[in-house]
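I have a structure I would like to understand better, so I am pasting it below and will then ask my questions one at a time.
Order of writing sets the chain letters: A, B, C, D, E and F. Residues in each chain are counted from 1.
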Amino acid sequence: MTKTGDDQYERGLAALREASGDAAQRLLDALADVSPELSRRSVTWSYGDLYVRPELTRRDRELLTLGILTGLGGAEAQLEVHVNGALNAGLTPSEIVEALLQAVVYCGVPRAVNATLVAKKVFAERDLLPVRPTPAG
Amino acid sequence: MTKTGDDQYERGLAALREASGDAAQRLLDALADVSPELSRRSVTWSYGDLYVRPELTRRDRELLTLGILTGLGGAEAQLEVHVNGALNAGLTPSEIVEALLQAVVYCGVPRAVNATLVAKKVFAERDLLPVRPTPAG
Amino acid sequence: MTKTGDDQYERGLAALREASGDAAQRLLDALADVSPELSRRSVTWSYGDLYVRPELTRRDRELLTLGILTGLGGAEAQLEVHVNGALNAGLTPSEIVEALLQAVVYCGVPRAVNATLVAKKVFAERDLLPVRPTPAG
Amino acid sequence: MTKTGDDQYERGLAALREASGDAAQRLLDALADVSPELSRRSVTWSYGDLYVRPELTRRDRELLTLGILTGLGGAEAQLEVHVNGALNAGLTPSEIVEALLQAVVYCGVPRAVNATLVAKKVFAERDLLPVRPTPAG
Amino acid sequence: MTKTGDDQYERGLAALREASGDAAQRLLDALADVSPELSRRSVTWSYGDLYVRPELTRRDRELLTLGILTGLGGAEAQLEVHVNGALNAGLTPSEIVEALLQAVVYCGVPRAVNATLVAKKVFAERDLLPVRPTPAG
Amino acid sequence: MTKTGDDQYERGLAALREASGDAAQRLLDALADVSPELSRRSVTWSYGDLYVRPELTRRDRELLTLGILTGLGGAEAQLEVHVNGALNAGLTPSEIVEALLQAVVYCGVPRAVNATLVAKKVFAERDLLPVRPTPAG
């Protein structure tokens, strides 16, 4: 955090675009004429600051974010970004679906189903349906 | 899921005890005279059914559960079980703390702080304080 | 829980279809090519395992589920299933609306309104609008 | 709602005391020197206004409230009031425990466990432990 | 609260219409044939009872409500009412956007983004885009 | 955000200490040996970055934060910090209590009561009980 906010923002924006592609860009564009400051913090604090820290791998972080967003509920737009991010970090559709299945135990069927239907939408866009089971690495 | 519930429960109970030790046992004991059926489902559906599936490693599952519980909020007793489970699955204190730090972006400071103070309690019991940064594997 | 998971699933699926009809089937169909395992657990653990237990009547269970889902928030798809389930278990539209009205006190206007608008949608599909007050049994 | 607020408050206060006894009174007392207005609305809007409406029985309302509070989370003090209210409305400990067990499917293990431990506390105070299964009426 | 409920309802309805215009009316209309009682309590308890109390100004109350609804999550319809209410109480688009930006710290990016996109919709309807920073009064 | 993170942290820490005194310091101290990075972000992103922006006054921000935290639920430790912050920003006990009363309508009795009891604790520490109504400024 000794970098300036501008540096972190530029770094975060590049990383977010690489990680999540169009889904993230659509959210940033939607915020552009109403709250560029919110757009900026979202990018700077996540991909600009935390995601570059070495304590966890990118794959760990995206798996974790799927869990946080599913537990939180009501975060469908961000889930869309991070299902893309998870795929781009090397998680398979089968691993993503399994992660959302596990959420049932802790936050119940409705949040797990909501999250899984977001994943389905992303998988459909990326031609990854139907999902087939694959062994963990 | 072709096993009987009894098989899954026995398998889950053994796995949970290995994974989380005393913290899980305390919760099960607390439920024993009021809702053994809830105790039974908690064990059967998590460690007896889902956690043995090969799609995700034990380490992945415990990391994910930390995220789900932090995003959900109000799950301090389960977090205590799963901070123990995370340590026993090979996550370092530094990785656990980093996971809870990442949660700030998605569910805000209060839930991240609550979860981190649960982790601190577990680390203290296991003589793991202070937490020092370690590189990801 | 001494039955096998397969038995519970088949029993649950039949019960769910009887209880909720098309709304449940639409959710199960939506999950079919992305997470049949989630679909399976949702059915097995609810209508296959818990709902057949004698401690509460079907009417009690559906009334209760309306409360849980309203308090949880963000569970509109499940509410649609269970407003149908509640009607099919003998709850009148007036009783359902009253239950969601009571929720205002505990979880506030927005969640009560969201749930009531889901009920309205189901009532409209079943030609049950407008809702008229009826005395409790 | 054509009565004055004063009438509703007096009626509600009497009903609440009858329904929940000491647990409700402790909450009202705790609010007395900081927010008597909050105490007043809580009583007036619940037991003074809604709970006297004929559309649902007292037993239905208390069962429902257990569901709403469990789904909401973080409502332990109110749960204590309404576990008492449920017992006083004729729900058995076994029915209450079953209701909280059902919540697992919809809002997950942590909220179901939290609510069940509140029920245990109330049952202990009223010498109702251990809970034994009883058939629904 | 010594007024009758009827008086409070009439007063609240007039105040709500003045405060929020069409967005509130649309919600009340949607409830009319399913739960007029919910519609009535929503109006009576907010604008009929609390909002007329002198302890906080109308501007304070609308700012506060934006915070409560954003923190709660899943309250998009009410947010639409209260972004209108906030504008009509004298809050500028810039102040509203800043309030929702502040929410990031406490409830995370997803809820802040959801709320900001509701504000954008209202601003667009009232021809207030793009939002430009303005100094606090 | 063109300042470095270090500058923002130092500025935020000074502002937080001035705003909230001992309650904030206790939270920061509790995090010191487990997650100084979380402590740092909490300070930098709130009082170091957002709270110094001119779009809202300090009083507006503290009022808003009370709303966000009450709506979110489970944020008692942060509420303690911000009830102190609200008092130090010029909000009277009566205004704070009124704000939490308003929350009932949107997030229900349990969260409003929980928040009010935190306020009571802070008022007691600062010898501000009982709370007496005061007119808005």
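Keep this in mind: a residue touches a chain if its C-beta (ideal position, glycine included) is under 8 Å from a C-beta of that chain, and two chains touch if they have at least 3 such contacts.
Computed from a predicted model, the values in this text were never measured in an experiment.
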item	value
Chain separated most widely from subunit C, comparing mean CA positions	F
Repeat of the C-D interface, chosen from C-E, A-B or B-F (over half of contact pairs identical by residue number)	A-B
Cα-centroid distance, subunit B relative to subunit E, in whole angstrom	39
Whole-Å gap separating subunit D and subunit F, where each centre is the average of the chain's CA atoms	30
Two or more partner chains touched - positions in subunit B	41-42, 45-46, 69, 72-75, 78, 97-98, 101, 104-110
Residue ranges of subunit A touching subunit E (in the complex, touch as defined)	27, 30-31, 33-35, 37-38, 41-42, 45-46, 69, 72-75, 77-78
Residues on subunit D engaged by subunit B in the complex (per definition of touch)	73-74, 97-98, 100-101, 104, 108-114, 116-117, 119-120, 123, 129-131
Subunit D partner contacts - residues on subunit A that touch it in the complex	104-110
Residues of subunit B defined as touching subunit A within the complex	42, 45-46, 50-51, 53-57, 60-61, 63-73, 75, 78, 94-95, 97-99, 101-107, 133-137
